[in-house]
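Here's the structure, in structure tokens; my notes come after.
Per-chain residue numbering starts at 1, and chain names A, B, C and D are given in the order in which the chains are listed.
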Amino acid sequence: MSESIKRVVLAYSGGLDTSVILKWLQVTYGCEVVTFTADLGQGEELEPARAKAELMGIKPEHIYIDDVREEFVRDFVFPMMRANARYEGDYLLGTSIARPLISKRLVEIARETGADAVAHGATGKGNDQVRFELSCYALNPDIKVIAPWREWDLTSRTALIDFAEKNQIPVPKDKRGESPFSTDANLLHTSSEGKVLEDPWQETPDYVYSRTVNPEDAPDAPEYITIDFERGDGVALNGQAMSPATLLAALNDLGRKHGIGRLDLVENRFVGMKSRGMYETPGGEIYARAHRGIESITLDRGAAHLKDELMPKYAELIYNGFWFAPEREMLQAAIDHSQEKVSGTVRLKLYKGNASVVGRKSPNSLYSEAHVTFEDDAGAYDQKDAAGFIKLNALRLKLLAKRDR
Amino acid sequence: MSESIKRVVLAYSGGLDTSVILKWLQVTYGCEVVTFTADLGQGEELEPARAKAELMGIKPEHIYIDDVREEFVRDFVFPMMRANARYEGDYLLGTSIARPLISKRLVEIARETGADAVAHGATGKGNDQVRFELSCYALNPDIKVIAPWREWDLTSRTALIDFAEKNQIPVPKDKRGESPFSTDANLLHTSSEGKVLEDPWQETPDYVYSRTVNPEDAPDAPEYITIDFERGDGVALNGQAMSPATLLAALNDLGRKHGIGRLDLVENRFVGMKSRGMYETPGGEIYARAHRGIESITLDRGAAHLKDELMPKYAELIYNGFWFAPEREMLQAAIDHSQEKVSGTVRLKLYKGNASVVGRKSPNSLYSEAHVTFEDDAGAYDQKDAAGFIKLNALRLKLLAKRDR
Amino acid sequence: MSESIKRVVLAYSGGLDTSVILKWLQVTYGCEVVTFTADLGQGEELEPARAKAELMGIKPEHIYIDDVREEFVRDFVFPMMRANARYEGDYLLGTSIARPLISKRLVEIARETGADAVAHGATGKGNDQVRFELSCYALNPDIKVIAPWREWDLTSRTALIDFAEKNQIPVPKDKRGESPFSTDANLLHTSSEGKVLEDPWQETPDYVYSRTVNPEDAPDAPEYITIDFERGDGVALNGQAMSPATLLAALNDLGRKHGIGRLDLVENRFVGMKSRGMYETPGGEIYARAHRGIESITLDRGAAHLKDELMPKYAELIYNGFWFAPEREMLQAAIDHSQEKVSGTVRLKLYKGNASVVGRKSPNSLYSEAHVTFEDDAGAYDQKDAAGFIKLNALRLKLLAKRDR
Amino acid sequence: MSESIKRVVLAYSGGLDTSVILKWLQVTYGCEVVTFTADLGQGEELEPARAKAELMGIKPEHIYIDDVREEFVRDFVFPMMRANARYEGDYLLGTSIARPLISKRLVEIARETGADAVAHGATGKGNDQVRFELSCYALNPDIKVIAPWREWDLTSRTALIDFAEKNQIPVPKDKRGESPFSTDANLLHTSSEGKVLEDPWQETPDYVYSRTVNPEDAPDAPEYITIDFERGDGVALNGQAMSPATLLAALNDLGRKHGIGRLDLVENRFVGMKSRGMYETPGGEIYARAHRGIESITLDRGAAHLKDELMPKYAELIYNGFWFAPEREMLQAAIDHSQEKVSGTVRLKLYKGNASVVGRKSPNSLYSEAHVTFEDDAGAYDQKDAAGFIKLNALRLKLLAKRDR
């Protein structure tokens, strides 16, 4: 806190916590605050954030409210989906992938407004602080990053609310008590963690879910859809061309309706502890399965297996906050190179929590009915070749066996 | 065919195809045949195979009918499940993992009966020939392997049936026409491929499935179960201790009822072509999810991530037939080392195709509510440590950014 | 041999073996032969090959003699060196990397001359047959490949020489007996294997080496050189700009003089057996060390470690003949992405078999004396950050230790 | 410094720096100090450390001087060598591998003496602090670790010497000025860094080397040696059985004489910066090459390549201080599994900086002259098998080429 800060760009949601942070920055650092509120598709109105910021004395030209939904899906979600990234086997990285974009805008706005610092509302126990700060430092090594949760003494809910009231920050009634869990949302997912979710043996109460219906309440009839891909990215739903964000939003509607994409996970945080999270990624889950589906007929085995081997590291890098690190970019270069022919159409069946690929076709298909058929293949494949193939693959095993018997 | 064969052990199902092979071996090689029929839990009566073998002149002491279900699950399926192995992201390797066991018994029986060769009924286009033969050669480098499908000229269904009729092999009515698809079954799964499945754009007809009800026909109420694990292996269902094969069979019943474990996949065969397969792995799917669930609270992050990175290669080795190769054994040693503390209980919800982990607990849990809590953690974690952690993780990125701006 | 071949492009060295092949192709297939002789820097005159080809009736317009040295180094050797590729820890892949280029020209010349086949002189036991054929098939899936050594019955030296004499092919005196070993050479290396080298316990006789002096006979005084790199590729020696092939040739002269780059290796062939090879890669060894040297100050740790992890697979792909496979290209995309800033100068000391990096500098250096100094660093690095860094890295280990005590 | 410490075990060399630390601990924490001085083969007399400790008031029963050389080589160096570990392609990890052993003894002695803390003399910029502390925490999660260099204000050489003089700690004359570089030594290596080495463009002055003669001053005649291995570990030199530490010491003598094992490296520290180090690993370099040599004829390709793929991660773990982490142990389990048959004899030629494998033999050799020979192989290998092998390996590339033309 001893550093002198002139102007700071705050990732500002308009909610109680970041409003407290805003005020705390003004009070503690005596600095000017620039607010940045991003529309990432979290489904909240953003204009109230403007009013609140103005109330706290932020200059109108220092209030940034940006719709970054298309950029988010096009430049972050889709590239990640090309890799079939799932952290620890399951998690589609919905929170992790939003942080680099927010950081990028924070740093850009700092440059535009001549700010020397940025600030975020992530706590000192989580991954998000790491993701924000690694991204900011990678984009501007001289930027200062303020993480109030690691600095201040408002460590209890009561202290926070006291501070708010002393500083004329309105406290909504439902924020007075402890919230039963904390959430993060964007166009890709909603995550919930903490409080009622902290015992990993207890099933998540149904009221925690906000983005999907309970599969038990989903329609009794399945619904079939198609997704078209071009060069590894989704471009159309049921034959209708859509922009990245529009497509993901439409898949979210479908996923919500059919109860798709719920995930209850105990995961390993980068900071060294395990946490239990509840994720809802309705459209993302459908999209991820469809992407694997189109790859299954358009990617060569060598490319596909290499992608599978690289994926865990790639997902870990994003989870840990290394989106802007050279090794993530190297892996992306390899992955993107593989996607040139990943075009075609996938058909899926959506039904009560399931999103199942049931068909796939492509002008670039490598699937050869002529080769695989049980029927006469007209000479496409000579079964006798298999004998030599096996013999030479077996040679080293035979030599081993001869030695070791 | 020029080699002189004295006695051959045939992997014999008792069905039409392997009966034709039996006769063909007798006719072509003029050799004695020993039959081996394994009960892998495929759900067929095996005694008819004995009668058929006897009819074709096999000596009683040369007819082997073995129940290998416990060995199959204990020594093959469970070790593989410890690795969370899925080939190409999804396939639980139900066929692949049975082949090494059959091969092992073929080689053992050859030794017992003084046979100099083994024979199998796999075709020249598939993976199974490779799996059988690599395993046999690895276990006995001097064994001869006969693969009739690569040698004979019975390349059409008609030729095969002609041969059967000329040799007094009964041909069941439903085998006269082309079968609409071909299947393989054992306690872990049933696979179907070929014929009506050969167009990957066409949805699999419902009559292809034999091990699971259609999720749409599954019960409307979810069912909750628990699975207990000891050192990485399942030991009890709903608190009731069970042997490996018994546990998997009970999970199969549950999976069948709730329509769990169906998979429609276009996969890459080791022999270089793509094929479309339909898999049903009802109990295996439940078990695989449960295993990841118990690992999530008992495995350290370092171990868990290393396992995830090694998994694709491990799965590929099994798929390609390298179960008995040193590199598979090395990976198994690493994986098994990680499982010592993987004990505890997982609770799952089964519902219309979904098997979701909803709770997990363990005496060996590494999940620390004290650390992760949003509440006061009584000093378990000092949030200020995060600042240094981030700073040093960022250092190389800052140096990069300074250079590259 | 039953296939009808109209015209075949032969990789023709002009030596006895490929002359026999040329004639054998004419005799056996009754087809027209196109010869392709590549100057890869093997250090032999190529014009005699033209005369010999003409003598055997090849049309002048069907005799291709191409200098591909620059293409070889620029498009094959240097990209491979960017990866620091060494097969099985040591081998610089000098033979492996030449095969895709020869194959590429064979396929191009087949297209130009309307040939339907290509032929090579590699034996059925080695890796080269695989490398040639995989590359040819990848570049033209319809091409036929003839591998006479796998087809003909000239399986003894005597039979081969008889065939030559019956067909008026001149047999040099020194080829009458068994050659004591067989060699392959190009601008990157000379390899020797077989015969006197077949016992891996016996030291290689000195007469096997042809590209380097014995270190014991090398100059008693060390020589210092500098190599300049631009974006990962060498561009100058001792400050003098050079083309890729010129640079490698100059390094070869230096390496020869100082006895650098000898390697005696037992390696694992793709076809399943071990072989013992003797390699001389004088310039390549110097270059490889220099490349690592320039990377050491210009590559970020994340990029460097990812490269090291990917390298064994990359080297294996090249060794096994998969240069034109998508997974090699994906890895190349990742590697090339890392090289953008790999520019600067490396200083090496050459002395009796040693090529040691003794200095490196770069305008893109990431080495920060300000950070690393034992002296006062003026605040570049706060040592207290290390405490938090260690604490959070230790957290999971502490949780493990608490559980397991 | 606010924590109350009762008794602390200090890693004590007896030199000026750790003597200052000893006193500083007494003064600052008012606690009892236990000293631990390890004989790791660094080649210094240790008894003077006892006298100094006594002078500073350490109770005799609290002065530990242990010869851990055999444990060091047997349980740390040799297991690491089984993996062929080299960090960033070259560094044999001589410092890194000693830290876990020292940490283990610190924690053991703390338990024996009832100490609640340990202390080390590593600075806040290096890797050693991380290695010490991660190891200590992994072995005793409740131990406190004091790192004086991160805590105190003796940040200049002058301040340190002032403190020494004020506290009656003798300051040797040669320690008054700045040392031109700093070193670490043990039986495996000596490292030097800092000061005169800080400019990576400047060649290391010859006076920095202490463990090896300059290759230019090494004998003009090569020397041949043999090393015998049993199950992956060295057991004899020139046919004479030796304990691990004795063998390494004998190889050090040979390496010193022939100028072997010098390495000038710019490496990436775990704490995020690059540093330039000078390493001398005379015996280790010879041993490492010999180990690869014996593996080359006794390890199967699958095992060998898997080891090569795992090695960079394994080396990174040791470098970063994660010796006692589960993922290092998992990798060790895999590596050790591969070593069962790695027995036999390697012959090396030592000459002016070079340690070259020139012969290897083993009762477990997988090298088959019968297979590899250019001569008639009596049917060991059927060259025609190669055709099928290549055809099926090419199949996917052909399908790709057909699609993409």
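Points to keep in mind about this one:
In this section, a residue touches a chain if its C-beta (ideal position, glycine included) is under 8 Å from a C-beta of that chain, and two chains touch if they have at least 3 such contacts.
In UniProt terms, the chains line up like this: A, B, C, D = Argininosuccinate synthase.
Bear in mind that the values here come from a model prediction, so they are computed numbers and not experimental data.
The chains in contact with chain A as well as with chain D are B, C. For the self-contact between chain B and chain C, the two sides draw on mostly identical residue numbers; the shared fraction is above half. With centres set at the average Cα position, the gap from chain A to chain B is 32 Å. In terms of their C-alpha centroids, the spacing between chain B and chain C amounts to 40 Å. Rounded to whole angstrom units, the spacing between the C-alpha centres of chain B and chain D is 42. Shared interface positions of chain C, defined as residues touching 2 or more other chains, are 268, 271-273, 300-302, 305, 313, 325-326, 365-366, 368, 371, 381, 384, 386-387, 389, 392-397, 399-400. By the touch criterion stated above, chain A contacts chain D in their complex at residues 300-302, 341, 364-366, 368, 371, 381-382, 384-389, 391-393, 395-397, 399-400, 403-404.
Interface residues of chain C facing chain D in the complex, by the touch rule stated above, are 84, 88-90, 123-125, 129-130, 133-134, 137-141, 147, 149-150, 155-156, 182, 194-195, 198-204, 215-216, 220, 222, 262, 264-268, 271-276, 292-293, 296-297, 300-301, 304-305, 308-309, 311-313, 316, 321, 324-326, 347, 349, 351-354, 356-361, 365-369, 371-374, 376, 381, 383-384, 386-387, 389-390, 393-394, 397-402, 405. Taken together, the chain C residues at the contact with chain A in this complex read 268, 271-273, 299-300, 302-303, 305-307, 313, 322, 325-327, 329-331, 333-338, 392-396, 399.
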